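The two complexes that follow have subunit A in common; it is paired with subunit B in the first and with subunit C in the second.
Entry: the complex of A and B
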């Protein structure tokens, strides 16, 4: 240390400060464990007892026990300075499905009507599936993004969809969070006539399978929707509707 | 993830077709949409196999030129503040001069909307669409 201080004049100060800090800590330690009679200089203080205790079912008389070791004198074991505290209750025992509840609560908060949940629910036969063409509208302005759904990542409130389209002959892929407050609308533009036999249609990135631009599908969908809205029933054939004309033709073969 | 030696498409009409990244300006990490790089023109637009003919007369840059460029599309996913993610099928850039003005006069192809946040509005206004 002397050599060090000769080299770095400030080094010695640092050392002094460090030592002072250590001493302070040590003093605190001895004071904290002063109630225990058996104390040695090398004893490590017991870990602080858990501050937050569950309200009921918790042992009220939380007595600190000390670790005991055998001694040579039979019947007189040696009590050590190491305190042994009763084990705290695990959070899982109190709330076994905390994460599930949290997801459910968040989904309820972000999707009040339950429409989004239904749109991607596996139980719903009219749900959007990989291979369908979807359109996502955001409140960020700009054009809504339409594209073929390559995959649905189901992860509670983090559920997201991957849409692919070609803009100016360049493939563009967008991930959207289904429950995001910035996503104001998700609509099914076109349904795949036959169910995709994969959950993730990554092969559709290959030129052989690429759908290309889906603008013609969007245009056709918009036209049908305009017919419906100008006609009598605005509710028919919309976003949770049955398969379009294309799908019917294929099915009836 | 644009770094040293990455080959990018140049999507403006400056005359470059393919450029190679030589340096990411101002940071030590890989570059993404909206970042500035130094690029070397590797292939000219309109240049035939026999050599540079009359077609390259209108080109503002030629093969071997070292220019600054702004990345406008990446194959690597880029996350937006709202949690959505965008990814393009290629890496593309637009050449600029030292002052930050585009060398070309038009941009062919979609560009990332991250350019707005990075204040490259001149490129954004030249692009036909942004995603």
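Entry: the complex of A and C
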């Protein structure tokens, strides 16, 4: 065919077209391509001009790093690589201990003076400990409840104490949430002379170890308070609203 | 009858029309070649019909056939579930622990603290492409070394780092979809609204019938011998067909199954800490992933709040379209390089 066209270079434009068609067929024709495809080509808008190939600098960015997967094939060190984008704002990175922060927030709101925290703080040598007799005053009315502290359940703002007393010869145990707004005051009535060597004094429920009624301790404590303080302070005992004079002050009295 | 094929020379002309546009325009219109008669396509002899056009003539039972809308099939299923599908996407969070809050009056409210960490929209599922409307969210962070190559390519195309968890939230329609690449924050929820929390419960391992299903067990004495916690008989006798009925409760693996706790009230949201505090308890151990979404059995938050939340979300993620477009372009380019084995050039 080439020879033919060489013989008649412009003999027939049909021949030229035929050649072009054949060449295209060699390039494009597959089992699935019909020759009619060209008809539709006319309706399809021409493809956009090939955009200038972006340089590698365009792909690279200071923020975007590449994760390279290495290959064991000799002479081809890299199997493939992917762009890995930097991570965004992470609340966990800023606040890894969200629960602690939540506790701190709530305690700040409920215990403005810090008295409740100090009363049960492990760092405070004068803090209340299991085995001490405590008295809890609530705003629900009724008498304040006094009893020996069997355990302190430390859970941030949900911290609670378990008090045990005997009322009318019946053992009574009460849980109090230390930071509850209903608890208006916690006083140390009596300190155990020797510190308990257990954190939870469940054995004190047994008759052999039961303290029984603690009313005599409460009475004694009230009397000493009446001696040293007169007037207003003697009324209902020290409440948790007073800053800075929590455990220490009480002990002195 | 199929349309007549154009002559070869006409085909050749049209195929080279892009190079010789000026010349071809004189000869060829976009529809047909001038030198050939137009191929007839309509007419009674070609099967032209006077009946009204039908949407999909090959399908039967269509609405156009004058029949009622089908009650089965994908469209009917979506319509049926629309009422119980939330209007908008939920979020992914991690359970941090359980605590309590106190009201002004001193009432104690037990609550669960959930932290949202890098909760970002990875993809959207559409009715046209996927058959349903949904938002795919990812949370947490995963190193690229721990991510498979296919997923690395997936994240590359979204412009997001690899995510620790991926999860989908079905939404009612396209109004519930969110743009890809934006990060969600706790104030997506309104304090006081109700949410559903889905998570996997704590796995208990192989448990007996008493623990797993609450069976009563057997007595300690009265001649009982070594059968105190066994489940007893598993099926009826001869008259009842002596066999074990399907679904009989027996010992087996307990827990580590998805549990939905419905209608939990949102007590607190804190963007700075990234926490959502919900009333009550959520299944699963500390650190488990929790899907929080608007409650399906309560009315959704008011329209004004929904609009505000979405507006805030878009304001905080300014330029997300650009970032996504750039990421997609970069991904296309890198994909090409990977295919050709020239990826080393990009490094």
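Here are a few things to note about the model shown:
Following the convention adopted for this analysis, the second predicted complex is superposed on the first by the 137 of 253 C-alpha atoms of A that agree within 3 Å, B and C clash if a C-alpha of one lies under 4 Å from a C-alpha of the other, contacts with A are read in each partner's own complex, and residues count from 1 in each chain.
Simple rule for what comes next: contacts are C-beta pairs under 8 Å (C-beta built on N, C-alpha and C of every residue); 3 or more make two chains touch, one makes a residue touch a chain.
In this text the structure is predicted, and so the values were computed from the model without any measurement.
Contacts of A:182 after superposition on the shared chain: both subunit B and subunit C are touched. In the superposed model, A:226 lies in contact with neither subunit B nor subunit C. Contacts of A:202 after superposition: neither subunit B nor subunit C is touched. Ranking subunit B and subunit C by residues of subunit A touched puts C first. After overlaying the two complexes on the shared chain, residue contacts for A:83 are found with subunit C alone; subunit B is out of touch. When the two complexes are overlaid on their common chain A, residue A:92 makes contact with subunit C while staying clear of subunit B. Legend: residue contacts after superposition of the two complexes on their common chain; A:174 is shown touching subunit B, with no touch to subunit C. On subunit A, the surface touched by subunit B in one complex and the surface touched by subunit C in the other have residues 177, 180, 182 in common. Those residues of subunit B lying in contact with subunit A across their complex are 73, 77, 82-90, 92, 108-110, 113, 128-131. Every residue of subunit A that touches subunit B in the complex is listed here, in rising order: 138, 140, 142-143, 145, 160, 167-177, 180, 182-183, 205.
In the complex of the two chains, the subunit C residues touching subunit A come out as 5-6, 8-9, 11-18, 28, 30-31, 94, 96-97, 99-102, 104-106, 108, 113, 115-118, 120, 140-141, 144-145, 147, 149, 152-153, 155-156, 159-162, 183, 272-275, 277, 327, 329-331, 333-334, 338, 343-347. Of all residues in subunit A, only 14, 17-18, 20-21, 24, 35-36, 38-39, 41-43, 46, 54, 56, 58-60, 64, 66-69, 77-78, 80-92, 94-95, 98-99, 101-103, 106, 110, 139, 155-158, 177, 179-182 touch subunit C in the complex they form.
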